[in-house]
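Common to both upcoming complexes is chain A, partnered first by chain B, then by chain C.
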Partner chain A sequence: MSQATQRRGLGFYLLAAFFALFVIFLYGPMLVIFILSFQGPTGGLTFPLRGVSTHWFNDLWTSTRYGDLGGAFRRSMVLGAMSLAITAIVCLFAGLAFRKRFIGAGPLFYLAITSLVVPGILLGLGISQLFQLLGFRLNWWLSGLGAHLSWTLPFGLLIMFAVLNRFDSSWEEAARDAGATPWQTLRYVTVPILFPGLIAVALFGFTLSYDEMPRSLLTVGGRNTLPIEISNMTTNVTTPALYAIGTVTSVLSFAVIALAFAGIALIQKRRARAK
Partner chain B sequence: MSDISRIDIKGVTKLYGSVKAVNNVDLVIEGGSYCCMIGPSGCGKTTLLRMIAGHEAPSSGTISIGGQDVTHAKTGSRGTALMFQNYALFPHLSLTDNVAFSLRVKGEATEARRVKAREMLDRVQLGHLADRLPSELSGGQQQRVALARALITNPKVLLLDEPLSALDEFLRLRMRVELKRLQNELGITFIHVTHTQPEAIALADQVVVMDHGLIEQAASPREIYNHPHSPYVARFMGGQNVLAGKVESTSGDSASVTTADGHRYDLPSAPGVTPGAEIRFSVRRDRIHLSPDTPARNGLTGKVINTEYQGTFVKVALDTGSREEFIIYLPDEAWFARPITVGETIHASWEPTASHHLKGTNNSAGAPLED
Partner chain C sequence: MSRSSGRSSPLTPYLQVAPLALIMLAMVGIPLITVLLLSFWQTDGITIYSEFTWDNYAQVLTSPVTLTLFLNTLKYAALTLIATMLIGFTCSYFLVFHVRNLKWQIGLFLLCTIPFWTSNVIRMVSWIPFLGREGVFNQALISAGVIDQPLDILLYSDFAVVLTYIHLFTLFMIVPIFNSMAKINPNLIEAARDAGASGWQILWTVIVPLSRTGIALGSIFVVTLVMGDFFVVRVMSGGQSASVVSAMKNQIDQLFYPEAAAMAVLLIVVVLLMVSAILRIVDIRSELAK
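Take a look at the complex of A and B:
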């Protein structure tokens, strides 16, 4: 092995070039949007930059041309937060339950995975039809949330399986052996040990919901979420404000993730100090 | 011997589907004794241990500790503490909090329980590492933490699931001594599951040899080693050769046996056998000596297929035409006085008292680690 790595053959350079292309393809467009959002007041949707300004960010807050952007953003954040909480809690218990081969575990698992596979737009159509049939009104916080959960729950469950793969059930037995009740075992042993994995599940719950579009289109009712609002903007907004909104939402997504990681670090630090 | 830590197991069976992991087992473990359960993997020893701990419920039968029926008592409230094979230390808690865990779930105040936990850590010589996490310790240290965590509950019975199997040879021997000393000090019952014969022989007051969910023999190490119940016990515990033959004649308790290849052997004590019966008997490997020519009785002839120097003795393996190798432990002086080469044909013989009739019928090969 070590001898093979001493001399790099043609394959290495070809693969390295391929990887570089891939990285450019992945982050290039994002970078372009990020740069163009700082376009000068007289600039357009394409290069060259006519000066550098934060004009279009200002335009976002002040202009009325962009519809209910603030409301859409707020709704998407609330939906994301609800998905985060529900996904983390449901996937924790579902993952723990699937460790036991209960009756129907197999079919239930495939049923959950199916909702990952079916086209989102069809699922959204189904949900909206069902709501109309039952006489409920479509609402972003009800039918919209349901549509988002149909996407985040199976995903979170799959991550939970991976997390539980490294969980040794003899920790729970050791807790029981020490006289812990099931609740104490869950609270003092299972959840604390699984906590970093649970954060990952929760974050997926948030980000998958935050940029969900096909399932949302037909289920959010009268008020749009952010991805739908932005998608609408692409058809009728022709200024770099479009890029500014892209930059703002990306920064916010990164901020949420950074906050979560900071939270983990803080908890671990406090734990280390609590000795 | 204290009766409050005596264990009575009556007719205990554990079914997994239709498989009998433990099959109608009766066993008494004296209070304050060191009991080793031994057998190949899948023999039911761990299942039996887990039933005593309350991590599994017997399908039928009863388990009592100190005269109290605990068959269905809750784990952690029956006076047992289990030390897990992989130690199962909580990775997110310091050593102090690991050891204090059982006090925490009982609702003891933080400071009080930490003081007690540190005392217990001092007792296992880990007081200076009280604030570390388990992942920062060596295997031997982790094991001592697991021991401290189990002992802080003041159990009547300490259950150890292969406690030494994860350690290297050197640590294993040291921890073996420590376990024995601890048991003497505390005076509580230790039940130790192992698959290593020397461990069981060295530690136990009572050795329980199991196979296929059944107890083959439960007795003192000396009894097990000198009077194995069945061919399986003799092979599994090691140090024995097992021979088979037909009873030629009996007189009182003694019997005369002829093997398929025509050799004759005397069994001084084989009560109840009848002429014509097929029986098996064992011969201690260290009670066999070489003889210059074919022995008339109580001996055999074979071709040397392997020799192994063991320091205080030499292990000589003979092919005698049967499926099992016949093994002789020769004292090293005898060996160096007349070295034997592989391929040579030699004669061996022994006193009739070295032959022991195997009453039990379990003839499986066993899997002695130390052959």
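Take a look at the complex of A and C:
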């Protein structure tokens, strides 16, 4: 950087303070509910802490007041896993296709963007009414999964575009010239090179599905996903159990993010060493 | 474009894109058409009949509530847009032009984006212990001697709604503005400085114009997210305020599907007008292609 020798002025410290405040604003409230989820058995929704316990976490698993949390959690995990796999595979091939010209590329791209900007509940209304018109039953693993894919696929596609932007297709040509079949080129050249990007796409596939609520609401049928159960709890539950479930699901999200970042970092480290 | 070899058939891209196209048509295209159809169909409150009618639109357009709902939603969108734009621009500016170490730059950028991968519902809920009557904020103000009585307007108010929007959506501003700013050639700023421009002049005449694609993209995200929300309004206003979509959600809960669909179509028209207004100011497509 050309300014590296310049001294840091007042502007830098003011901006740094502003940025620090923003980060506190971003993470502070979350930190508060993590702390409050360890509230003692007699504690309430706000400070002071009346002792420290894991009472409310136990309450989540043992009490029947909170509906089918275990089942909702299981369904959300399965949906997340399915979205992860489908998003990664579908977006990989779609990204490869968009490198070439094909009829309908423009409309398909706009359809994907439309899916991102349309209010989720509206799309959920459309999907649920479509299923009803066709006489299909709403199920979390079909209409619900479809609603989740309408959210994860466009994001995955955009990430894939960014990933492929930096991909040098002369690697593929070299493989072809060396006599590789298209399948071998994909399996041994394209996918390994793109793998860190594919991890990022998969991360979006899982977390966006796992936390999705507006699109799921009308499409999952009788059995709820975890975000729907939690959003119901926000109006019914007035104990720190609400924070406990928040802590559990956030810890899981952070673990998945950490896993994805660690995977990407590991591959890049290995590549740097191989050079 | 890569040189195509003899083995790669012209059908390849169609096969590769087919799964995406099928899912998008089945789960986005056709459902949206379904909503459009539904908005023209009749209902007696129990069953829906596939007979054409303008009644749903007449109902929605003549109801005085509709205008109030749209104005209220636009107010939320405008307040959130201004706040997220200022915060997003300032944070991106700091990251791009003041953090000189690339590792720190990426690290701090990721720090801003990580909450995107966690639950919005939980991030919203986490404001409740902060803003309540006995919440952290009131307790801090009372113990600091600023106020004697806890403030009631913090939670379950328009303030809480907009604050939550800012909390949830600022990162949709930061990411595109950061991207635009990172593409600005540092030599341009150097040249402006050599030509005698002050810091403010550089900001207004070089950096802001060159970040306009990011600002426009971020604005589209924030506007559509706020206009499409029903949950934050419902919970954080304590049921005292409503937005277009939260009213639509109520109609859906009462099984007034055709009316809800008419409202939805109206909302989409308004959102599309706003998006095209933003696109008129900034030609995102040609800017992105650069």
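Heads up, the rule we're going with is that the second predicted complex is superposed on the first by the 251 of 275 C-alpha atoms of A that agree within 3 Å, B and C clash if a C-alpha of one lies under 4 Å from a C-alpha of the other, contacts with A are read in each partner's own complex, and residues count from 1 in each chain.
To be clear about the criterion, contacts are C-beta pairs under 8 Å (C-beta built on N, C-alpha and C of every residue); 3 or more make two chains touch, one makes a residue touch a chain.
Nothing here was measured: the structure is a model prediction, and the numbers come from that model.
For the composite obtained by superposing both complexes on chain A, the positions of chain B and chain C are free of clash and fit together. Of the two partner chains placed by the overlay, only chain C lies in contact with A:Leu133; chain B stays clear of it.
Of the two partner chains placed by superposition, only chain B is touched by A:Pro192; chain C is not.
Of the two partner chains placed by the overlay, only chain C lies in contact with A:Pro29; chain B stays clear of it. When the two structures are aligned on the shared chain, A:Gln184 is found in touch with chain B, with no touch to chain C. By the touch criterion defined above, A:Gly246 lies against chain C but remains apart from chain B after alignment on the C-alpha atoms of chain A.
In the superposition on chain A, contact of A:Tyr110 is made with neither chain B nor chain C.
In the superposed three-chain arrangement, the CA centre of chain A forms the vertex of an angle with the CA centres of chain B and chain C, and that angle is 90 degrees when rounded to a multiple of 10.
Which of chain B and chain C touches more residues of chain A is settled by the count: it is C.
Judged by the touch definition given at the top, the superposed model places A:Ala175 against chain B, while chain C stays out of reach.
Overlay on chain A (Cα): least separation between chain B and chain C is 5 Å.
Within chain A, the residues touched by chain B in the first complex and by chain C in the second are 170, 173, 176-177, 181.
Of all residues in chain A, only 1-4, 8, 11-12, 15-16, 18-19, 22-23, 25-30, 32-33, 36, 45-47, 89-91, 93-94, 96-102, 104-105, 108, 111-112, 114-115, 117-123, 125-127, 129-130, 133, 146-147, 149-150, 153, 157, 169-170, 172-173, 176-177, 181-182, 203-204, 207-208, 210-211, 213-214, 218, 227, 230-231, 234-235, 242-243, 246, 249-250, 253-254, 256-257, 261 touch chain C in the complex they form. Residues 168, 170-171, 173-181, 184, 188-189, 192-193, 195, 271, 275 of chain A are the ones touching chain B in the complex. Considering their complex, residues 1-3, 5, 7-8, 12-14, 16-17, 19-21, 23-35, 38, 87, 90-91, 93-95, 98, 100, 108, 110-112, 114-115, 117-130, 132, 134-136, 139, 167, 170, 186, 190, 199, 220-221, 224, 227-231, 235, 245, 248-249, 252, 257, 260-261, 264, 267-268, 271, 275 of chain C touch chain A.
Residue ranges on chain B touching chain A, taken from their complex, read 53, 55, 75-77, 80-82, 84, 86, 88-92, 94, 96-97, 101-102, 104-106, 131, 149-150, 153.
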